[in-house]
Structures are given as structure tokens and as C-alpha cells.
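For reference, the structures are reproduced in the following blocks.
There are two complexes below, and they share chain A, which is joined by chain B in the first and by chain C in the second.
So, the complex of A and B:
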């Protein structure tokens, strides 16, 4: 009997449907007081007056802190270009300038509002192209003094925060002999992660250390960031995780945590809680960056891509966060999943006076695949080729070598994806079903599973249940509450409901790379499996004495240790665990795991901070849409996904990730946009104007799981969650353009854009 | 507490809660902080996300858009009132069994919204369920599993 691939109830389900679950925003501590931040009202300016005395005189106030009270330190995930508080210059709307701790939240907010702040506004750097011109103001005049958080410095200059350039030989020659040169420019907007639980944190300064309670995707990253900001060593910070109300990448870097920690210190060690209002959350969230992508392809008459140039200019916002690492993703996605000649890639990340951008599910890939797949449709149209046939002709196969020298050994899976969707929705039938204002789109992608390290300790308890200690967290996906739980249950031969996994605590568990890049089920599942393997060996060693059999002749299954071939000769593992207390000591195993980066050619590009994509997965999507020519609205009629997953551990978890990612992709394609005014301020301020997809907007996704078990993954698992967000913008845009017979190269495709295109 | 604080008395999940509060305190904050019932979640505090949906005198209501003083004398059901002790009700069971939740932050609001809906429409179609929950935001699931959960609960409740 196996639980792998079976439907099992999620371990946190009871708590979540009953209202018992305690989320980060619900957490309270004895004696806790409340904090509030004073944030910059403008996106660029000089602080000319900052007087906290009125706030200190307000009722209930315990502490008011500003840059003068914070260590003179710079922090940052990749580049240390952030201060805790703005001191002289403000660089984006919402940037913290001061923080208050008071008895009640209302008192804290009133006191923050009483601080006297004068800011002399300066012109905001907003336009990405202008930001790169020599006469543009610099967002960080001191950029040269900044240092990376670790490792050597990387290419950056002025407002260019990071740069990745690949310039292989032969590109210009190929363009010179091209039958046709196809050129496109694509514009993608900012997208807000819009998790429903706003960010919060409770900080406590006690015994010379900082403890932070937070609902976070990456507790060890919070530990490191708080340590940088507060200028202490990482072990002086303890991060305790709580149930998390969604993150999608936005809760990977520290948010309110360092402020809560320092406020507690200033308030004499009282626990201080900070909670974002939704507007604060929206304005300061590290949203998915807006980007301009330009592609030129030199093509032969038969559609062969002789060479390509791809240029990406991405909006870093005012500080770097994780972003410099990600610039190289343009190199990995520049050809999509289609063969082509030498490809010149230029990716630049540009500082602007806007909120810092950051990780959002499918980092960089969403707009890169939108660009590449729209461009493929453009080439096919120019050469009057069938869009699907054209893709199949150039599709990557097994052993494909990429621009960075990485080899995709199993890229032939892509063809299986096209075949799987063909069986579900034959392209010819979809074409035959076309009529005015109804269109279809198709696209394909490859993606990574984040390789970050993870660890777990598995203990067999004396009642035959198991405890798993890990700093991995379940961001909602079920990766821990279903996936890791199932994997340990399977290995120990006990029911999933007998496996108990801790919430993260950086004082208790070993390092974990965070819930990002689809890694948890695979990486933490693998670490937990290694730990469980060790427990199984110990169980057998102890049981061997009880059963008077050799350990190698034993198997652990169904809650017992039994002699192979003689299942009647058995002893319950609970008894083994109890016996072990008096013989070998408690039964416990430890596991650690990290995926190595695949081999690559280091000289293929400059600025190659993310050099290759480990544990590739493959994706094919089709969308069918209908456009209302009167209102311009787009309705997604059908959405199909074929996806390589390694092996399905949880069918519910797998489908849930695909469905949820597609919904976010549909929002990105059609609805969601953080528009930025000329003053650098967001036009969207609340969820009222930031238009998230609703239940009526999202069709039921038709999904085919392709299974090619990964020998390095636990029971064959690869990452699942990110890939399906990569293609909705691409295939929906292709479908809308098909429906109206005109190109639309900006997202989101709003009704206004559709009507303008129809009427043009 | 300032001088203009007012007495509020509400019955929540069968228990009487009496206290005083500022006239501007929202019902959501009253339920969460004064009554300690944190299952009612606040996602936006401006009436868009629906996570704080509760039932006030038989009608679904956004607890962030109502003042506590307005609820004086009301009968309120929150997510904590759905289960019978440790026994989940069929709608809760259906959300758990059908993977109708991921992070679970929208779940209390979805459950309360669907509770009222199923009382008025015990035999809904999938489209009607979609319509019903379209005032509540979920960022995780893509809604399909929530629709399936509500349909499954409707079927169970008809038995």
C-alpha cells in the first residue's frame, strides 16, 4: 500500500476550516504593544525636517525611532543598497522614515501621524529608458560604494542595478543573410502578489537577542536581513514562523520584521506588533517588475530562426532585493523552447523611484515567455505557417544545448505535452471552431525547480507516530501539510495523519531555502526522506533483536516491522521506538539536501548570477478566448495545461498549484496592473482598483500531468507550482490577437486596449 | 477608553458578548480583539476581499464594513460557530476533502458566504456557485476547488 499519488487530507485542513488556525496577523505575545510606520508620501525627495517630539508627547507612546536610532548599516539580499529608514533622501513612496510603538494600534498610528515631516520633492526617475541615459538623475548617487551581500561584485553602473549580456559570434552575419527580420516590442506591467493576509510581524528584544514572529516564506532570509539591518550576527536573531495567508514570492524577503525588532528594543523589550494596512501592503510590496522586451529574429523563408537579439529592460524599483540574481533568466528563456541560431541577449535591471520590485511566482519568466511566444506567432503569421506546426518543427528535443551550455537531456517531453493536449483538444477542431471574435493561442515553456538547500529531522515517537522538524513552511500549497507529510508517512509505513511537522523556527530547525521556486516538496521532501531512511535503518537494527532476524531480512510497513516473506512475524514500530529508548536511545534521523547547478559555460555571458536551471520541467498551454466587440472584454472559454511534474505526490496539491497559477496568469494577462504615475506613485491604492481575478473569470483548467520520475527527487518528484504561471499571458494574448486579427503586445489586455485595437 | 465609548451586546455563535467600545470600532475588530475570535480574517479592511464575511441576523455581512455599535443586539455567526464542537459541518468537511483551500486565509469568508447561499439555493449549478463566491477573493486556488467543495457540500446536505 502506498500513499504516494493518493489523495490525503491536508494536515492543516481542520484548523483552517474551523477558524482555529493562528496566522501571523493573529499572533500575540504577553504584554504586547503596537507599532506603526511613518512612510514617505512622495517617491523622490529630500527630507528637510523631521521632528518626532510631537509623537513622543502623544498618549500611550513608548518609543519613536528614526534613522538616527538605527545602526549605520546597509542591507540587501544580493546587493546591500537598503537602509532601514530614509535619512536624507527618500527614494520611493511608502519608504519608512520613522516608527512608533504605543499601547494601542490607534495610538501608534496617531503618533506616527503627529511626526512633523517636510520633504522637498525631487523629480522622480520613472521611465526605464530615460533612467539609463547619462543625464538622468541617479536613484542612488552612491551606487559605487555598495557591496554585494556575498561573493564578487557584478556588472552594474549608475541606474543600471544589474546587467547580463551574452554576445555570441555570428549574430550580425545571420541577420545580414536573413530572408526576413521580424521585430517586436512588448511591454509588461507590474503585478501585485495580493496574498489575502497582509504582512505583519511581532518583534521582541530579550536577553540581548531579537525574536521575530512572522508568517513568512523564508525564515532564514528574514534572519539574515534583520541581522544586516540591525548590524548583529545572524544567530542574534531568531525567526519563528506562523501559518501564512499567501505569499507567492512577496514574503521571501524581510518586510516589517526589522522594524518590529528594533521597536521592541527601543520600547525596553516589550513585544511590538506591526501590521500593514492593505494600502501600505500594496504600495510597498516587492511586486513583479514591469519590463520592456524587444526581440528581433533573423528568419529563413521556411521559418528557421537563423539568429536572434533579445533585449530586456526591467524595473528594479528603488532597491535591489533578489532582483540582480534574476537578470540572467533572460538568457535561459531567450529562445523559449525552440531551436534557433546564435542569440544576443541584453538584460538590464534599472533603478527607479518606485517601490522595490521582487520575486513573484515565475520570476521574469512570465513576461519573457509572453514576448517569445507572441513573437513566434508573429513569425508564423509573416510566413503564413500554422502556429502549432511551426512550433513543433523547431521544438527542443532530448539533448538540446542551451545558450549557456546547459544540456536539457529530456526536452523531448515537450512533444509529449503537445501530443497530450492534441488528444484533449485537437488543434484542427479548435481551428474549425473559430469564428469572429473567438480565438485560440498556444505556447510552451521550460522552467526550473529551485535548488536551494533544505533539511529535516525525523523522530519516531514511542506511540509509533513521527515528528518532523524543519524550517520549511507550507505557504498554502500543501507542500508540507500534504507532500512532505506523505513522503515521511510512505517511508515509515505509517498513515499521513500520524506524521506531525513543525512550523519553522530558526533556533530549532536547520537551514531551509524557503518556499520558493517549487522547491519544497522536492528539496525538503528529499531531506525528510533521507532522514526517514536513517530512522528505518535504526528501526530495523532494534527490531532485529526483538524478532531474532537479520536487519536485512526486515521490512517496515503498515506500522510494523516484519520479516520479509513471513509477515506474521512482526513487531509494532511503537514497541520498537519504546524499546530503543533503553537500548540505542531515541530513534531519530537527519537529512540534508541541495540540488547542484547543472553544468554551464561560464564565459557565455557577463553578469551570469543565476547560471543555469536545475531540475527542468516542461509545459504546454492552450487557451481559447472570446472577445466581446462591444465592451472589449475577454472571456477565457477553455484553458488547457500539459505539464511535466516528475511524479505526482499529491493529485490535489498538483492540480491546486496548476489551477491557482493559471488564475494568477489570467489576472496578469487581462486584469491586474499596478500603474505608475509620472510622479512615481502607484495609481492603484487598494484592492478596489487593483483588479484581481474573480471566480467568474476563471474556467476550470483542463490538466494533464506528464510523469517522468526524477531519480534525485523524493519518489521522483520535481517542482510543480511555478511553471503553470509562465504561459497564460502568452497564450491568452495569442488567442486574443487571433480573435481580433490584430497584434496586442502590451499586457494586461484591458477592454480599452481591445476596443482600441478593434477600431484601429 | 474615552468618554464616548458605548455599550455593545451581541450574541456570537450562541454566546453573549457584552462590552464597551469606541463608536468607530468595526465589528470585525470587535470580534477579533474584544471577543478573541480570530477566525474572522481581515484581508483589506475596505470591503473588497470578503475574508471577514460573517452572518448577522441571518444575512451575510462584511464585518469590516459594519461598526460594532451597529450590531448591538444582533445574532452573529462566525466561522467558529459552524462546527458542532469538534465535529465539522458538511460544508467545512467538503472544503477540507476537496482541497477547497490552500493558505486558508479566504476560507472563513468563503464558508460564511456559501452557508447563506446554500440555505437559499440547496441545488445550485456550478455557475451559480461561481457567481455566489465572486464577491470573495481567493489568490491561491483558482476557485475551481472551491466551486467543487460547495457543490459537494450541497449534495451532502440534500441527503
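So, the complex of A and C:
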């Protein structure tokens, strides 16, 4: 029996479609009361009056807390630049200023509204370029006093929250002798993760410890953040995970959890629940950052890239979250997947008086690949080269050495991706099928599988089923409910429906690095596989006595332990598990796993916080679009993906992730945008005006899985879910520009901009 | 979201509704189908103190032809009008326009009068009534009056009705047999409010020249707009491609679109001209010269 690569129903599917699943936002505790936050109505200002007395006098109110009631602590994932509540300065619209706990949600919201707040507005720092000028107001005048959450400090100054610079020799010389210098500037917008379930948390202060219930992608990170904000050691915080209604990176850092925890303490230990309204959620979500990317390439007459300069200015918002760690990704993507000469990279992360940005599927990569692949088309057009041939000529091969010294041993897989799509949709046919206002775009990428540590305990139950205890979270992708479940079932030779995986609980399971960067199937699957290996060894040892055979002659399969070559001689593993209770004790195994960072050259750049990309995967995308020349609307006619996946564990899970990521990428390319006004406030404030793509906007994705089993992954698995969001903006922009014969270098590509470009 | 607390009163007839409005003053709102008012209350964009429900007021849901006009009671459900042979026979543009109003579930509940009293400048029905030169029947403490559509819509969500008046119906001139009609709408998806919608009704004389033309647009100003300039271009001449282009070119000058999160003003202006051209072409194709 093998279930790897088979279509297996997901363990949580029935509960989710029937409505039985209890999501975090539905969680209730006995005696629970409700909280509400008072948030800053402006982007920048000084609090001149804050009077909570009217709120305390409101019916049903248990507690009102402000900065004065919170520890004098700074918190942050990478840099400790956040306070729980604004005390004197407010730095973004939606920043919490006070919190209320009351009997009912309505009472809590009414009391929060009754707090008297006067804010004297100050000019908002919004423009990224102006923020870096010496005369710009500082978002954090005290930036020098901030310290990293761990490790040494990193390059940062004034409104620049992080900086990664690589300046290899030879760049200027190459530009001086270039046949042509091609220059582009690209602008990318903010994108809201727009999950169905808004953020929520239930906090309980009991027995001197904080317990937080939350539907979260990274419970251990919540634990650490709550501990920082509340100035206690991490073990004083327990985080209990619940079924999650989508996250896409926005639920990797703490949101409402520290407020719920502190409110419970202020309310005498009663459980306190906080739930964002959709507008609160949208306004304060750590959205994908807006960015300006500039690229200059020195090219030879044949298109050889002699040298390149790439500059990225990314919007950090008012606090840092995970972002400083990610600035170095510019270095890893600066050449895309194409060979080139020395490359100067400058990546800066800039504070503004806007909601803090953060992780969103394909962090930084979406706009970097958009820029690099648009630029490749630009070079090809200038030199009248075929866009596909040009890419193939410069394509990375096996053993490619990158700007950071990392070596890609299997980058030749990229060429297989181009070949696979060529078989599905020959480029010559696509070119021949072109007509006015129809265009094609092509692009390629490489990406990592997040290396973060994970662990699992596998217990064999007396009825022959297995329990898996892990703090890994299934953020909806199926990484746990399909991936880990199938891997354990395969190893123990039992049906997937006999494998039960716990929800995360930081008091129960070992550390887990969160559902991010496509890591869960691979890293937690591997930890669970190691644990299951141990269980199998123990099963064999016990069964050896029952079957009077040597353990090495036994195999575990189809719910039994049997003698190899004599399949009639067998004992059910349920009997083995029961027997073990009275002989060696319960059968249990543990597994831990972490991927080391690939070797790199530490002197290649300053501010190299994310030094190299572990467990690379390779991606090639093609889009065919049609532009309505009168309304300017773009329709995606075909979308093709060839993706290296290590090994397919679940075909449905794999295709679902690819299809979903392409949908999110099409939204990013053509529809979605959080626009920021000069006052630093978002213009889109509800899901009515925030333009998510609709079912009719998304074609069925044509997908080829390229299998190259990873020797370190469970059954060869690598990350799948994140990579396919990297390229839609790039290839759709290339296709639209091909269709209209004019460059469009901002995303999203709106109908009005297409129309203006056509008419220009 | 839930609406804020509100008092509720039910009116048995129009006179009672007028009396209740008089009693409660301008903080009261008439509740018809509730397809706009209730969401606005849920979003706290409207906070009436009293709702005066006229859903059970008698005699407001008629659809009939009277003296050459189609008369529709204010409480006629949009779906009933959409599927009414009487309405389609008199004003064939109506069912076509109504298909763009929300979704069937909205139209089952939503009323013609509700949409006209709400006066959203992006809505389709106000544009239709304006374009066809309709009249609104309004009843207040002093009796009834008839208001021409172009005098009735004063601004976004604002009409010529006084606070103590109730809209009881609308009167639309019957279109002659053989009139070609068309609706063109640009919306993010079917059923959304229009970014821009245009509608055309056109009738040709036996010699092929235009003897009746009605053009309107929504989403292009603070009120629905009848496109008199474009109508004037076409009146009395043959509707050639050049004439259609000339008519469409006048559109930009007769509208005042504003930009919002859905589309910038310039894009709306461009689209209005385009959609007028398309609506005219389709309407002309659909004309039939009487035998």
C-alpha cells in the first residue's frame, strides 16, 4: 500500500464544508467577556488628551487599559520597535491606544467609543523617497535606542529600518563599456491578505500565566511576542491554536493576542475575547509592502548582461515586524534566474506613518520578479531578441553560483520547466496566434522552502491508529491535514483516516517554526517521519517476539507486521500496540528537523539577515491575455505553470496550492490594491472597495509538476505553496505590454491605465 | 453588522405614512423593500430614528397603462415589473434595465419606488425614469403632486420630496411600437452598482430618420443624466455611424463624473461616451418600422 501521490480526502475537509469546524473566531470560554480596542483615527499625531473615566462608567465595563497599564516594554519579531499602546505619539491609523473589557461586545465597543481622545495631527510620512531625505520628519525619533530581538544590530538609520547593500567590484567598469544601458523603474502596491476569518483572540490570565486561544499560523511566535509585550518569560505564555480561516502570512506575527491577555489580567482573570471588524482587520493587517524597484543593466550587443544595478525601496509602515529580515531577498532575486555580471544591490526598508507591512505569501519576491522579468522583456525588445530564446540563453544551469556565493546544484531543472510548457503550449504557436490586443508573457523564478525547525511525536494507539502531536498549523493548505497525515500513514502502513493530528498548543508540543514559506509538509512531515521511523522500529521489536522472527525480517504494511516473503505470517499492529503496553510500554517516537542554511559568502553584502535560500525550487509560468481596447480591461485567457515540487505527496493539495497562488497573483497583477492617501490613510476600507479577483477572472491553471525528490525531504517532498504566487504579476504584465505594444511598469494594471497607454 | 436601535411603525395606507412622517419629522425614513436602506443602516451610514414601513400599505403595487402612460405603484417589486407583460409592452426598456439591478433576490424584495426615493446616482432605475422623461407621483399632507424626473433628482441621495412626503408611483410615457431599446453597463461584475450605465430608446420614421430618441446615463454625475445634447444630434436625421459618433462625442460635455475607489472621473467620462455609442448601435438594430 502506498498513499504518497494518491488522491486522499483531507482530514479536515468534512468538518470545514459541513460547518462543524470551530474556527478561532468562534472559540468561546466559560465566563468569557468581550474586548474592544480604541484605535488611532489619524496616521501621525500627538495624543493631547486621553480620558478613560467615561468608559469606566459605562454599563458592563470590567476594565479599561492604556499605555499606563502596560509594561514599559518594546517588542518586535526582528527589531523591538513596537509598544503595545501608543502613549504620546501615534504612528499609523488604527494603532491601538486603549482597550476595554465588558460583558458584551456591544458594551465593549460602546465603552471604547466613550473614551475621550484628542490627537493633534502631525504631517504624515508617506512618500518613500521623501522619507529618506535628511529633512523628513522621523517616524521613530528614538530609533537609535531600539534593539534587535536577538543577535547583533544591523544597518539602519533614521527612517531606514533596514538596509542590505552588495557592491561587488567591476560594476561601473562594465557600465562604461556597455553596448547599451537599459533602465527601468517599477512600482508595486500593497496587497491585503483578505482571508475569510478576521483576526481574533481569547486571553486568560490564570495561575500567574497567560493563555491565549487564537487561530494562528505561528503559535510559538505569538508566545514570544506576548511575552515581550507583557515583559514575562516565554514559558509564562501558553498559546492554543484553533482551526484557521486563512492567513497567507498575515497571521505569523501577534495581532490581538497580547491585548486579550492583558485585558484578562485587568479584568481579574476573566477570559476576554477580541475580534477585529473587517475594517479594523483591513486597516491594520500586515499587508504585502508597496515598493519601488529600479533596475539598470549594462548589456552587450548580443544581450549578455555585463553588469546590473538593482535598487529597492520598500514600505515598512510604522513598525518592523518580520520585514528587516527579508530585505536581503533583493540580493537573491536581483538577477532572477538569468546569468549576468557583477550586480550592485541596494535594498532599503523605510518607515512611514502607515500600517506596518509584513509577510504575504512570496514575501518580496512578487514585485522583485515582476521587475526583473519586465526588465528582461525590455532588454529583449531593445535588442530585438525573442523573449523566450533570450531567457533560455541566459538561464541558470546546474552548479550556478549566485551573488551571495550560494551554489544551485540543480538549477538545470529550469530548462525542463521551459520544455514542459513548450510541450503544452509551443511558443511558436502562441506567437502565431497573436492578433491585435492579444499578448503572451513568460517568466521564471527560483524560490526557497522555509528552513524553520519543527517537531512531532507519533504515538501508536492500542486500536492500531496513530496520534501525531505537533505545534504545526494547517493554515488551510492541507500541509497537516493532507501532507503530514499521509506521510505518517505511509510510514506506519495504516490508512490516512486512522492518523489524528493535534491542533497546536505550545504547552504540549515542541517548537514549530509556523506555517510559512511552504515549510510544513517538508519540515514537519520530515519530523513526523523520523518519529514514525522510531515507532516502526519499536513495533518490529515487539512483533519479533510475537512472530518469533528477527526484527530485520519484518515489515510494517497494511495495518500489520508481517514476515518478509511470508505475508501469511502477520500480526495486526493493533495487537502489537496492546501487547507493548505490558512489555515495553506505549509505542511512541519523537522527531525533530531543521534545514541548515546553504553555504554563502558572508562578506558579499552588508545587512545580510536572510543569508541564503534553502531547499530551492524552480518555476516557469506563461500567461496569455486579451485586452479590451475600448474599456481597457484585461482577460487572462490561459495560464500555465511548470513547477519543481520535489515529490507530489497529494495531487489535489499540490494543484490546489498552485491554482490558489495563481489566483492571488492575478489579483495582485490586475485588481487588488491598498491605496494610501497623502494623509497616510488607506482609501480601500472594506471588501466592497478592495478589489479581490472573482471566479470569472481566473482561468483554469494548466499545471505540470516536475518531480525531483529531495533526499532530505519526507518521501522527497519540497515546498509547493508559496512559489506559484511569484510570477503571475510578471508574466501578466509582460503579456499585457505585449498585447498593447507599450510598457506598463506599475501594478496593479488597471483598465484606466491600459486605456491611457493605448491612447498615448 | 447590525443596525443601530431604531423605532418601527407600520403604515396601513399612504395617508397614515404621511401622518407618521409629519409626526416624527426628518429623522424618520420610509421603509420599502429595504435593499439599500438596511445595508446603509448596518454600515451606520444611515441612522434614522424611526422606520415607517409601507410594505402593507394598500394599493401601491399596481402596474397598468393609463392615458398612454405606464403607471407603476411605488411598492411594485422590481422582479414583478421585470416579468410584467404590461410593463414590457409599454416600456420595453424596463425589463432590460431591471436585469442589471442587483440580483434576483434583491429584485424580489426591492421596489421601484424604493430605488427612486433612494436616488443613488449610480442606480439604473433613476436613469431610466430621467431618460424617458418620466414623472414621479408624490403625496404629502397637502395632497398629491407630480414632479418631472429632471426636477426630482437633486443630488446624491437627494430628491425634491419634502420630509413629510411619500413617493406613491411613477408615470412613464409609453414607447411607440417598433422602438429599439438597449442598455449598456460597465460594472465590476454583474449585479454590482454600475461604474457607468447608459440606456437608449430610439424610434425611426418610415423614411428611416429618427423621430424619437431618449438617452440616459448613470454613474456620471451626482444625479442621473438625460443626454439632451446627444438626442438633439440624432433627432430628425438618419442614424448613420457618423451620426452616432457625433452624438456620442457630445456626452463628455454633458456629464460631471467624479472619481472614487471604483474608477477615476476621466475613465468614467471615456466609458460614458463609449457605452452611449454601443447602446445606440444596439437600439437602432432593434428598431422595427411599422408595416
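Here, the second predicted complex is superposed on the first by the 760 of 760 C-alpha atoms of A that agree within 3 Å, B and C clash if a C-alpha of one lies under 4 Å from a C-alpha of the other, contacts with A are read in each partner's own complex, and residues count from 1 in each chain.
Following the convention adopted for this analysis, contacts are C-beta pairs under 8 Å (C-beta built on N, C-alpha and C of every residue); 3 or more make two chains touch, one makes a residue touch a chain.
Every value quoted in this text rests on a predicted model; they were computed, and no experiment measured them.
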| item | value |
| --- | --- |
| Partner chain(s) touched by A:478 [first = chain B, second = chain C, both, neither] | first |
| Touching partner for A:694 - first (chain B), second (chain C), both, neither | both |
| Partner chain(s) touched by A:172 [first = chain B, second = chain C, both, neither] | neither |
| If touched residues of chain A are counted for chain B and for chain C, the larger one | B |
| Touched partner set for A:631, first chain B, second chain C, both or neither | second |
| A:755 touches, of chain B and chain C: first, second, both or neither? | second |
| Touching partner for A:129 - first (chain B), second (chain C), both, neither | neither |
| Chain B/chain C common contact set on chain A | 277, 694, 696 |
| Interface residues, chain A side, partner chain B - complex | 9-10, 12-23, 25-26, 193-198, 243-246, 248, 277-278, 475-478, 652-653, 655-656, 658-664, 686-688, 692, 694-696, 698, 700-701 |
| Chain C-touching residues of chain A, taken from the complex the two chains share | 277, 630-632, 675, 683-684, 689, 691, 694, 696, 751-752, 755 |
| Sites on chain B touched by chain A in the complex | 32, 37-46, 48-49, 51, 78-80, 82-83, 88, 92-93, 95-97, 99, 101-108, 111, 129-131, 133-147 |
| Of all residues in chain C, those that touch chain A in their complex | 1, 186, 188-189, 261-264, 266-267, 270-271, 274 |
